[in-house]
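Take this structure first; my questions come after.
Chain lettering (A, B, C and D) follows the sequence in which the chains are written, and residue indices restart at 1 in each chain.
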Amino acid sequence: MKPISWKTIAASTLAIGVLGAIVPAQSQTRVDFTVAEYSSNTGPYFEQVAAAFEKENPDIDIKIQVVPWDTLLQRLTSDIAGGTTPDISIIGTRWLLDFASQGVAESLDAHLTPEFKSTFIDTFMAPSVVDGKIMGLPVAASARAMMINTDLFEKAGATPPTNWDEFYDAAKKLSALPDTFGFGLQGKEIETDAYYYYSLWTHGGDILKADGTSGLDSPEALKAAVLYKTMIDERLTQPSPTNYNREEVFNLFKQGKVGMVFTFPMLIPQIKAEAPNLHYKIMPFPEGKAKATYGVTDTLMMFANSDVKDAAWKFIEFAYKDEWRTKFDHGEGFLPVTKNVAAEEFYKTDPDISGFAAGLPYAKFAPTIANWEEIADITVRTMQQIYLGQQAPEAALQAAAAQINTIRSK
Amino acid sequence: MMMSRLKKSILYWVLLSPLMIVILFPFGLMFVTAVRPRDELFVYPPRWTFSEFHWGNFVDMWGKTNFGGALLNSLYVSVSSTALALVLSIPAAYALSRHRFRGKGSYRNFLLMTQMMSPIVLVLGLFRLMVQFGLVNNLNSLVLTYAAFNMAFTIWMLQSYFNTIPRELEEASWMDGANHFVSLTKIFLPLAVPAMVVTGIFSFINSWNEFVLALTMIRSTENYTLPVQIFAQVAGRYQIEWHHVMAGTVLATVPVAIVFSWLQRYLIRGMALGAVK
Amino acid sequence: MASVEIRGVEKAFGAAKILHGVSIDIKDQEFVVLVGPSGCGKSTLLRMIAGLESISKGEIAIGSKVINKVPPKDRDIAMVFQNYALYPHMSVFDNIGFSLKLRKRTKGEIASRVQEAAEILNLQKYLQRSPRQLSGGQRQRVAMGRALVRDAQVFLYDEPLSNLDAKLRVTMRTEIKALHQRLKTTSVYVTHDQIEALTMADRIVVMNAGRVEQVGTPLQLYDTPANLFVADFIGSPSMNFIEGTLARSDIGVVVEAVDGTRLAAPQEFGGREGQKVVYGVRPEHFSLATGDAGSEAVVEVVEPTGANIEVFATLAAERVCAIFNQRHPFKPGDKIRLATDPDHVHLFDAATGVRL
Amino acid sequence: MKSALRSTPLLMILPSLGLAMFVIGYPIVDLAWTSLHEVSRFGQLRDFAGLYNFTDVFGEPLFYESLWRTIIWTVAVVGGTLLISLPVALVLNDDFIGRSLARVIIMLPWAISLTMTAVVWRWGLNGRAGLLNATLMDLHVIAEPIEWLATAPLAFTAEILIGILVSIPFTTTIFLGGLSSLPQDSYEASVVDGATGWDQFRYITLPLMKPFINIAIVLNVIYVFNSLPIIWVMTEGGPANGTDILVTYLYKLAFRFGQLGKASAISLIMFGVLLIFTALYVVMVMRAETDSTVDGEHKDDDVAA
């Protein structure tokens, strides 16, 4: 179907097109599955899973749509607005609450058998629970950690830091090297806020306080921000962080220009491919008052208005078999979400992956709250204002907290 | 007092050169990025030169992305929407040029208004519309919308051109015994071909380059048009393969640029006749 | 070939009335010229005959068949347009043969008839060219060829010569007339040039502001114009007009101009004494007088045309033009005496403009 | 025949009108309807909300900032485009060696989609790997790489310049079309009257080009006002919302934050702004232009005069 589809369309006249008359006659059950594109491997991988599944279940047709992350939410939004949702989709876990509260997401409790449920690592299952109901399954997980360039550390005579003071000193020593920056600081686009949360959490702050109001006006939040700002001002980071998105910071690291970055496991295969001679080490984030890492999960959800829920569920169970999960996690460089895969030797002995996996016990997750994207956007804007020096950190954070509280109270 | 032609030419080229450099800069950039080995993408300080031509980037890009499919999709959408826009615009432009009827002024104002509507402003409503007709993720939804958004301009251009075709020619053909249909097909339309070509090019370029609607209406990778395909390669990835992106833009751009430079004189001629009247 | 009858035809574009009831009978084989100033409605009338404009009121018949509702293609008429309206994308041959092709004639017949027309018009050499490659005169011939290849019942000409230079215009004028004498096709010819009308027409229709002023042969119009408009429009240089009052004097009936000059008038006329009139005399009807005869005039400009001299002079406070075929050595400022032959004087009522 | 003639023009217009109504008319109505409702995160209409969405928009400082920036963006891009395109068109209209090559080069940006242009420039403006910095450093214009997109003022300026660059081909084409239709004899007459090159430009070219300049202004204003790709691809309105214009703001509201009611309200406000602008233009055009089709319809004897 795929390779000829454009011709099919071309052959159909416009008039027919207007009437929408080119629906292929199929007696099969069709399950539409929207997949977020993690890398160029993602699409082929899921096609493979689907092909294997269809072989076992010839009456079910899995239709996969691969969507880039940046446009995924827009796609789903317009799908929901237009009533053309897929049956299942990978989504960012942070969106789940919105989906659940609007009645878009289907609760999985009815489908989920206790055995199947028990295959998941509890930490990763937790963010998918909304009001006591399981609204989705963790599909991909990663934790964040610090990556350092050991060659640079050696050259600068610095010690790998375990707390923020050491971090600051190491950055100073590293930056003294010619054409080298101690700390690669991300300042724009996706996850700019996360780069700040690393500091916020380890300084003992949190995104939301216990009472649900914004944690950005806490002294810890201020300390976390001031640290970054100071490092920018003292040229311990690359110049103009607001011109560097995640990918560009990592590029600096790959070039050996930056001593320390905060990153995710997916960087490792890239380094192996592009900078095989770079020597690096995975370390936990520097500690302040607390230990923390950012746990990020993506969720596989089912849409409430799907009319092929059973077939979809059958496919989900199939896709969560160990062989497929191993293949997926290894292929994309994710941390395992199921116990069996996590039990593999690889995740304990591999120095890279184990470095990330080590943080899981104390991982923090983005809160599942309504309007999260908007709140994250305010945080990004605030950080950018601070980094650019447009506002003093304290005033900026106060203002941001006030804005977030307004949104929260809506 | 008159400058010699040579002197004038040199002066003009000097005057134009800053602009030309800025125009050619992205093309050079595209090219040198597309053919450089991957490990020379991020060197510091950056430089134009590179160690070897790595034409394999094009092959890799073609294999890794659905570039060929996107190219066909873009062609299909642009050609069909242009054809549709012309088929609908020609009679309308003819009526506006040759007839006098009630509502003519309002119709023109309506067309002008449709020009003001950016697809992005309407994207939500459009999306719901296409959902109702089951056209989401169907390239024909783009054909219809592009045709509709281009029509104002095509009607406008065609009408101005039609005004320059002497009405006597048709009258003479009636005298010669032609009915309206024959007069239209044998006399009028052959004379309007240049205008249709120029107008068609405009419509084609607009459709070829459109981004926002394609991003919204098209869901699956195999239906992507080129701009969306290229954008997907830079948007929100964990890693952007700039050499592939640039190989893609080179392939998407160069053929159009060549055809375009061949046709641009007709565009100017068309503009002289159309657009303003 | 057929007659064309126009009966009480009116034309209105919305509120604007272009024709106010026009009736003309054009006889079979006749060459009729519609002449008048710009905007008089003559082209509109022609286009109504052609079927290019609808008829608001009244009717038009060709060969006694009313054709108000007949589409142009079925009226069997041929038309030559002012801008020739040659099909730019067809060769001369195809331009001429197009109507035959539409009538599904055989290739052989088309070829022979186009050839015939081309011979008449001296176009044999140009048949394969495109109109763009022809001169104005040649294009004009092609347009003619397109009309005459048809054997149409009526030929319509819409200012066909106005885009040609003066010399070519004269030549083509003769050719068209010769062609008509040969083919005898009923023809209606629109022009704003009265010379063209006088030289070509069997009968002239003078139109003004949507009305017919006078219909007649060229000489009827020249010699006995029905009103001031026709008198002024026909003839070049045009008739001289002097306003005055009818009076009886010792020398008979005269017209007394505002400055007291007395001008000789015909002894028989329809007017009454004391009536305000316009005294009209054509330039060639002035003669030089001596002694007390005629009236005094002051020479202002003298223009020799070769055959004649045209003298512009002030007579009775009006500027008049007189044409002499002797070569008088007048200079500006000379005082001369001009006399008129009362038989060639035209009198018009000053208020209505109607001939007395 | 009369009645047939009356209805044919309408029949000829109907198909195009139908499509336009279908694709453009309907969504406008839909948009207006949506803007008056409380809309769920995913565009489902909830309760009727009256003008709440509008007051919500008007209470948002980001809206005013974006509006102001949209005005700067539109005026700067359109103004800059005109200022460059007119002399360029004058030069390209003159005869000189290599003119057709020059014309082709100037038209080139037209052949690439805005999205791709923006992608390429984003890469070229990259602080560390970008070849713009490479070039400027090679030429010793700058010693250190400049982070072009790091601060809003610099990024916005860059975006405006690129906006100008991509608008030049279309505008120059309009102007070239206009210049080629100017009557040559006016220039000859002016030379006889003793006009200098500048006089010719000032008193002949400029006034005669007015309709073309008008059309260039109007079309460019409409296109630029609504243009998303350049800013979206290069900075997504950042940093710190410093390059947000109404379209990017609208896009974020609708597709990132899911505030579709508010987004519809902004869409309508934008439509209103353009409508007012165009209404002014129509008045301007109506005054300047005598309907060119009228002579066709009203053909009468005066043609020969």
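By our rule, contacts are C-beta pairs under 8 Å (C-beta built on N, C-alpha and C of every residue); 3 or more make two chains touch, one makes a residue touch a chain.
The structure displayed is predicted, hence computed values, not measured ones.
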Relative to subunit B, which chain has the most distant C-alpha mean position? C
Sorted by contact pairs, first entry is B-D
Averaged-CA centre spacing for the pair subunit D and subunit C, given as whole angstrom: 56
Averaging C-alpha coordinates per chain, one finds the centres of subunit A and subunit D separated by a number of Å equal to 38
For the pair subunit B and subunit D, the C-alpha centroid-to-centroid distance in angstrom is 15
When you check subunit B against every other chain, which residues touch at least two of them? 42-44, 84, 124, 128, 144
Shared-interface residues of subunit D (touching two or more other chains) are 5, 43, 126, 128-129, 254, 260, 299
Two or more other chains in contact with one residue: find those residues in subunit C. 71, 82
Mind listing the subunit D positions that touch subunit B in their complex? 5-6, 8-13, 15-17, 19-20, 22-24, 26-31, 34, 43, 84, 87-88, 91, 94-98, 100, 102-117, 119-124, 126, 128-135, 137-138, 145, 165, 168, 173-174, 176-178, 180-181, 211-212, 215, 219, 222, 225-229, 233, 247, 250-251, 254, 260, 263-264, 267, 270-271, 274-275, 278, 282, 289, 292-293, 296-297, 299
Residue set of subunit B touching subunit D in the complex reads 5-6, 8-9, 12-13, 15-16, 19-20, 22-30, 32-33, 41-48, 84, 87-89, 91-92, 94-101, 103-104, 107, 109-118, 120-126, 128-129, 144-145, 147-149, 151-152, 155, 159-160, 163, 167, 205, 208-212, 226-227, 230-231, 234, 242, 245-246, 249, 252-253, 256-257, 260-261, 264-265, 267-277
Would you pull the subunit C residues touching subunit B in the complex into a rising list? 50-52, 71-73, 77-79, 81-83, 85, 87-89, 98-99, 102-103, 146, 150, 156
Using the touch definition from the top, list the residues of subunit A that touch subunit B in their complex. 2-3, 5-6, 9-10, 12, 14, 17-20, 22-23, 34, 37-40, 43, 65-71, 74-75, 78-79, 81-84, 179, 190, 246-247, 250-251, 254-255, 257, 264, 266-267, 270, 274-275
Help me check something: in the complex, which residues belonging to subunit B touch subunit C? 166, 168-169, 171-179, 182, 187, 190-191
